[in-house]
Amino acid sequence: MLCIDASHMDYQQLNAEIKSSSGDISITGCFGQRFIGAGLEHRHIDISGTPGNALGAYLNGACIEVQGNAQDAVGDTMNAGRIIVHGSIGDAAGYAMRGGELFVEGDAGYRAGIHMKAYGDKIPVMVIGGKAGSFLGEYQAGGVIIVLGLSESSRPIVSNFPCTGMHGGKLFLRSDCKNILLPKQVTGHSATVDDLTEISGYVQAYCELFGGSYEELLHSPFTVITPDNQNPYKQMYVLN
Amino acid sequence: MTGEKIIESMKPMHDRSNGLGGGFAAYGIYPEYKDFFALHMFLDDRAARKSCEALLRETMEIVHAERIPTRTTPAITDEPLIWRFFVSPLRSVLASMQLNEEECVARAVMTINTQMKGAYVFSGGKNMGVFKAVGFPEDVGYFYRLEEYEAYSWTAHGRYPTNTPGWWGGAHPFALLDYSIVHNGEISSYDANRRFIEMFGYKCTLQTDTEVITYIADYLLRKQGLSLEEMASVIAAPFWSTIARKDECEQKKLLYLRKVFSSLLVTGPFSIILGFDGGLMALNDRLKLRSMVVGEKDDKVFIASEEAAIRVMEPGVENIYAPAGGEPVIVRVKEGKF
Amino acid sequence: MGIDYIYPQFEVIRNDGRCTNCRICEKQCANGVHVYDSVKKRMVCDESKCVNCQRCVCFCPAHALKIAKNDCTFRENANWDEDTIKELYKQAGSGGVLLSSMGNPKRFPVYWDRILINASQVTNPSIDPLREPMETRVFLGKKPSAIQRDEQGKLKCELPPQIELSMPVMFSAMSYGSVSYNAHACLAKAAQELGICYNTGEGGLHEDFYVYGENTIVQVASGRFGVYKDYLEAGAAIEIKMGQGAKPGIGGHLPGAKITGDVSRTRMVPEGTDAISPAPHHDIYSIEDLGQLVYSLKEATNHRKPIIVKVAAVHNIAAIASGIARSGADIIAIDGFRGGTGAAPTRIRDNVGIPIELALAAVDQRLRDEGIRNNVSLIVGGSIRSSADVIKAVALGADACYIGTAALLALGCHLCRSCQTGKCNWGIATQDPELVKRLDVHVGSQRLINLMTAWRHEIKEMMGGMGVNSIEALKGNRLMLRGIGMTDRELAILGISHAGE
């Protein structure tokens, strides 16, 4: 495994070094270098420190593991691969991700999973261990977003305006969602056994990464949110 | 060489100008002040001279100032005050403004020419000077007593103005620092060139092609550090199809220069002679829409629009030829000679 | 019926003496205007469905048809014109946002038509383009502000990535989905043949068109449709779409009905699902965030692709462009308010944005004032209609132009402005296979090549007239332009003098 001390590198140097090597990589001393692993395939990158914005943008199969928090735009337009964050993440995570998996031990900021898609056999998955900020799953068009709410804080599992413009995919919240206001064009219902079976693999993977018992987690009440139709704005227009 | 010869050479060229501007540039004429910038200025009155001097003193030392000697002739009238200042930028100013002395002088010249009413710097290099006026060139030479100057390099020009009225500042050569340009023709790329070069601190005030070409030369040679040959490949860039036929190394260089400085390509007919410290460069537009002849004799090189002008100066001239369009003719004084 | 009844806009006039009841008009009209009445044994028509696309007129072998503006009108009113009244009825009846297509049709000034081009007489010779070399090649991309030399003093000739174009015109962004497969095929083929570029729009790149990579600009919009590594690396450049002239400040929205088979595969979204790309990129809420997206794309493509940032021409465009130029973009594309679209809310199309001529002039001057014009290339679009518009745009300061509507017209579009129906009889703005195949790829691409070849000749003629033998010497050469019938303010913004000055 190649070890890179990034403490005196700018992002271009660091990424050039990553691209010029071929095996797995361990990065230490990471402080804000952006675009780590952009478009990368088939590798494992372990990062100590705080990677900069757009970590794993356009990721195409590689696995990135962060020992700590990550910043904004994690997994932007990710196509395949896995990003694991042993901590919390900033805003707009998984923007337009089409495939791959994003596991976050802690909380997510605003607009997580915005524009998340699915295509063919690609089903993107985002699992947030803690709580999610506002606008979760905005314009979600596909894929699965799971929020487990495993944190001490008293704030709701998701803040304001989740699922605005959602027109595909599924969103799972480990909560009865009594205090969550959903927009008109989506429906939330209590998860059935079938629903939970669908996500048990992802929850299990979360527990393998960060600890905890997945059976126990799956025994809690879950709410599943799905859009009522795939064409939310069709009725809005009149041809002129 | 004294100025006498070059004045003679302009006589058969009389019909190429119309009496609305004539001028000369001479290199090596101020050996006693060779380390100082010689600013030649037209001044409307005494007040303009005073305020100009005050402005210069803010950033430089004036080691000598005097009226440029002239003689009266009915062919030249309405002359302004014509002065020369030998100056040297103050070290403290250069250090605090983080400038070299050329840039400091160039900026002062720009300030005077764009902002000071009644004052115009028409020459500002070291050990060189421009002499110009409204009139036919041979009369201008007589007026400035050019037979009294000795130079290793002379250029001369008779003007037939097209776009701007004839006035003293508008005559050629046009100069900035030790670059001077004489130019025949009218360039069609003027405003493209002007609007590009003005990004870099130059201010074109005269609406003349010559002014913009001078600034291009200063920008490419002094600020960008291009060689004369490279500069020629920018302003008279070879056609794409010509570049494609060059060898790979040359091709790379020509493509690079043309892409990077595309807005400094000069189109339309032109023949120019650039005078600089230590030599001359002559260049035609790439279609060669203007005439130019080069000849040699002993250690001298002659360049003119017409062979006749050369024959006047040197009847026994040898190796007469017309350079190809876009192909620079560069003449350098033998090393260490001056 | 009742209040909401709107009398058909057009009248289909059939010359019964000529009509042979061959029923070709019926086959040609996807809107179902023409029907054969087997009882009366003649063609009848439902004019309410007619959009005046002229398809039946062009294909009637007997020249028996013409479409005329209907003279059944409301009482004339200079304030409440007919369109305004009709639009109001539509909204009162439906509660919907009015949706239109193609560019702003309102009577706003077209500044191109108030600008005149110079020509040489005597003092500076014109050049004969049939005889002398006349160069139209341009390179788009960032140019270094200072040269560098190696230890031996040789010039280092590496440049940031550039797009090379044989002439300063490209086909602007039109997504597969908004236009048909065949329309894209025509654009791609023609671009390759011409040595220029076409643009995928935000709909991804169909697998069949990867072969045209060198002549392709791939677009990244807020919906990120079809964006993945191979796509980013497929083209000659990547364009980030921040805005569009026809609908500044709002996004795109391809209805699920148009997301069928191939379109869904190309966009990489499920069939039948709306493809929504809202106005903002959700990771760009300030100029430094744009820098982040620009550099993320550069990192993902190893800095081998120039990045274009496309914005709509809006009020503060000069400052916006300056910000873009300083955030790593290699090229800025500005789209004026007359730019076309497959669908835009009518009110936005007709009321938001500013003319491209003024935007271009302001941006070019601003970048020069800041000394950064050579750091970035400028592409302008939003109704470039002829070679004269191209010349004027270049002289105002553009490096190249985008044409969209003009290219579609070459393919047969008759500007009926009904793209949003998806029933384009010319096979352009439709996904209906029966309609799509009407657009013959060979014929269509040849017509585009013809158009561009003709424009290139005209560009050379006009350049020759000005005594300019390379398009580079025309760029920003505003002395070559004069205004006519403009106010001092307009002239000042355009940076040109009035005719006669």
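As written, the chain order gives the labels A, B and C, with residue 1 at the start of each chain.
Please note the rule applied: a residue touches a chain if its C-beta (ideal position, glycine included) is under 8 Å from a C-beta of that chain, and two chains touch if they have at least 3 such contacts.
Since we're looking at a predicted model, the values are computed, not measured.
Distance from each chain's C-alpha mean to the overall C-alpha mean is smallest for C.
The highest number of C-beta contact pairs joins the chains A-C. Subunit B and subunit C have centres, each the mean of its CA atoms, that are 47 Å apart. Computed from the mean C-alpha positions, the centre of subunit A lies at a distance of 36 Å from the centre of subunit C.
Centres computed as Cα averages put subunit A at a distance of 66 Å from subunit B.
Contact of a single residue of subunit C with at least two other chains is seen at no position. Multi-chain contact residues of subunit A (touching two or more other chains): none found. Looking at subunit B, no residue sits in touch with two or more other chains.
Taken in their complex, subunit B has these residues touching subunit C: 162-163, 185-193, 195-196, 198-200, 224-226, 230, 237, 239-241, 252-253, 255-263, 265-269, 286-287, 289. Listing the residues of subunit C that touch subunit B in their complex gives 120, 123-125, 127, 132-133, 135, 137-139, 143-144, 146-147, 149, 155, 157, 159, 162, 368, 371-374, 397, 466-470, 472-480. Residues 11-12, 15, 19, 34-35, 38-39, 41, 53-54, 57-58, 60, 72-73, 76-77, 79, 91-92, 95-96, 98, 111, 114-115, 117-120, 122, 138-139, 141-142, 165, 167-168, 230-240 of subunit A are the ones touching subunit C in the complex.
Residues of subunit C touching subunit A in their complex: 87, 90-91, 93-100, 222-224, 227-229, 232, 253, 255-257, 265, 268-270, 272-276, 278, 282-283, 292-293, 295-296, 299-302, 345-346, 418, 420-421.
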